[in-house]
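After this come two complexes, each holding chain A, first together with chain B and then together with chain C.
For the complex of A and B:
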């Protein structure tokens, strides 16, 4: 393991968006069972320090690859592309309209304390995310269309935020 | 066809001495110590056969404090008899909602609240250290030797200040802390290993003063915590207080003395425990003012009084499931932990929530200590088979205060440990040369609603235009769940580092003072102690390096490198007995083995991943 190694190389996986997540889980657990600080509780300081670094890197790599949004962002980053999620908010009109519709539904459900409506919205968002993920798979792995991939990452980011807001609304209802 | 596995020559390490290691459950109401004996995790009892040590410390003017049963079950000296001290760990006076009802003389010290006793002002850390010392002594008497190390359990929902306070208490008690382990994870280990369980599990842990829920994924000896939630100020004690308030109401009692308050609380607890097995409890007592109480509490009435508390535990359960992205029906097993889960209406509520009956085949008071002992045994190096791995998480998000009093999250809750994250910030005024960094923990947007963990300053930033400086702040949380923060100005390299402690934990100097106070009777003891500790550390280091040399020395090191390390080992061996030389030689050996450590680590990573790939190719 070295600092230059990519997250994919670290787990011995191909550099693709479409990922064998079972294999990722397996490789992650194998790696952690070698490098985790618990293995070095009785070791010399130098080994303990290294173990902390390696285990931290393994966790970061795993979290990045496990989540489709961060995986896509990371793949683009490896190609030197900044997804500009904070600065570039230009979006196709139909996506913006859809987003506004969801947002209104969220506000209404939150105001009327309608947990069922929130769950239904969550499901819709999950489906929308899935569609975007398959767009990402073809843009990144097959068509090599970085422009489409970048825009899709930005869209997925919006969906991700909306999902978090739905969860927060549900949390407020429960407390 | 499956490939057969053959271990490499030299992989099995030379049998070394079994190291004495224990797991300690430092509970709000009771504490326990357990160890692994001939492969079995067992609770160690005291000379009277008691497994549980009541977490009670009674201070005296002219004698050493007494702990546990000796401190008295029904305290007559309430102001000097500290119970449930865990609730005060890493907490300020304003955090203790019911301080007014408690018999103690609190001192609102900066950082952590303190308690005035007949033996002087005591910090919750010192009180907890007394409990730990008592358990350490019990273990050493029972096992017949000095302990190499201990795993201490903490509620999963404990924040950084509470964890740090616990670790400080263990240090003060003279324990070598191998790891702080979350209580629900410890329980999962005891359950999982016993039943070879696989799949998704929920741990519902209602202790005396804290409530935790953890969702874990168990597979082939890997215990992966997916999410955790809870309430570090909700527990069995709250059920007692509901009954206590009901008693005051029923008996139309005037304000009571601290002793009477304690008496009534004890009666309330007894009634609660009785009602787990019976339909009604008769509560009788006479207060010091002569008021007589003689009332019947039915289990139906008890359920009514405390149902809001039971409902209160369901919200964290839902949050934990949502964070794990799971629904109740995807959970294979629910493990009940903590004495409070003996209450039938709690078991019923949990069963209804999940649609299945919770597992109760372990004693809910002991399961945490039993799991901690298993982990301690592994960490001490007594088990060579690598079949247990715990992957735990950060319970509460960690962040920084931004302009306008908003909290910016750096490490989100439920991140797997160990974890590091960095973020860049900049100055907001022209010529700004210092930046104050305020580290907070919690989920709320406003800093005022989060827990303040530490404040420190990065000074010496050269004057630049607003927004030109680039300050990179790095958070690292280690396997104990403890945070360290460093800040660095990128263009100049000005640096500031801090291990989070000051706000609520104890400063390093304070611990040294306490240690010194503990040894005032023999000042020489302290120096000797330092020397002994260094020697123990040096011997452990030598053993670790020798093991590593034996395994990989031939393969990974040149002859010159090997000779250098062996020389450094010899230097360290000859430094025994001299504190100054010990420090220098230990550092030298550590440095000399750094490169060796890197090569070893890389080798084992390679072996793990490629070894696996081979068996994947099987037909």
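For the complex of A and C:
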């Protein structure tokens, strides 16, 4: 294991958005057992430290690649592109209008304790996320359109957040 | 995290919530969103024939600071010319509401919404 490797290289995977998640899981487990700090309990301090560093890197790499949003962001980062999720507030108006409609529906469903409506919204958001993920696959792997990929990462971040809020609202209803 | 009294006041009694007629040539609509926190903000202004803002409305889905920031700027915008409105800075908003550093982006969202609304209005009036 080399600390300079990219997350993809680390697991012997091609640098693409479309990912063999089974292989990622397998490779992660393999690597984890190789670098697990317990295996270095009797080793020298320096080796123990290194194994801990590797285990941390493997874990971080796995978490990043497993999630489509963070995987896409990471692919863009490798190309030196910042998705500006903290600083840039300009988004396509039709997307923001749609999002506002969903947020409105969420607020109303939460207030009226309407679980059916929340489930329906959850389904809509899941479909939206799926569509965005296939956009990412074509933008990153086929068309090499970094502008579209960046915008799609930003959209997916909004959808992710909305999904979390729907889940929270459902949890509150169920408790 | 504790909100300042001013944030709480705007959050509990938001000023100027609502919509203006998007199709009106005297109305500018600004829509912005912050991916990092998922907040969405719509800010609308209506100007009279002298170019003075006579009404402002907002609709924001987000945290208390985002709602308070948009509520505050709708109050500030009324009676201002477009040039004056352009000078409103996120730091003024953050200072007025005593926003903590992690909530500065809410005031940035409000400043960007003002700029987007003015740009929309200018584009409409030039057409």
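Note that in this section the second predicted complex is superposed on the first by the 169 of 175 C-alpha atoms of A that agree within 3 Å, B and C clash if a C-alpha of one lies under 4 Å from a C-alpha of the other, contacts with A are read in each partner's own complex, and residues count from 1 in each chain.
One rule holds for everything that comes next: contacts are C-beta pairs under 8 Å (C-beta built on N, C-alpha and C of every residue); 3 or more make two chains touch, one makes a residue touch a chain.
For clarity, every value in this text was computed on a predicted model and none was experimentally measured.
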Contacts of A:158 with chain B and chain C, given as first, second, both or neither: second
Partner chain(s) touched by A:107 [first = chain B, second = chain C, both, neither]: second
Partner touching more residues of chain A, whether chain B or chain C: B
Touched partner set for A:120, first chain B, second chain C, both or neither: neither
First, second, both or neither for A:89, with chain B first and chain C second: second
Which of chain B and chain C A:148 touches, first, second, both or neither: neither
Partner chain in contact with A:12 - chain B first, chain C second, else both or neither: first
Which superposed partner A:39 touches (first chain B, second chain C, both, neither): first
First (chain B), second (chain C), both or neither touched by A:50: first
Overlapping contact positions on chain A, where the chain C interface meets the chain B interface: none
Touching residues on chain C, where the partner in the complex is chain A: 31-38, 40, 42, 59, 61, 105, 108-109, 112-113, 116
Complex contacts: residues of chain B adjacent to chain A: 19, 149, 178-179, 219-220, 222, 224, 315, 318-319, 322, 375, 378-381, 386, 389-391, 415-420, 476, 478-479, 540-541, 544-545, 548, 589-591, 593-594, 596-598, 600-602, 604-605, 607-610, 612-613
For the chain A and chain B complex, residues of the former touching the latter: 1-2, 11-12, 26-27, 29-39, 41-47, 50-52, 54-56, 59-60, 62-63, 167, 170-171, 174-175
Residues of chain A defined as touching chain C within the complex: 83, 85-91, 93, 95-97, 99-100, 103-104, 107, 154-155, 157-158, 160-162, 165
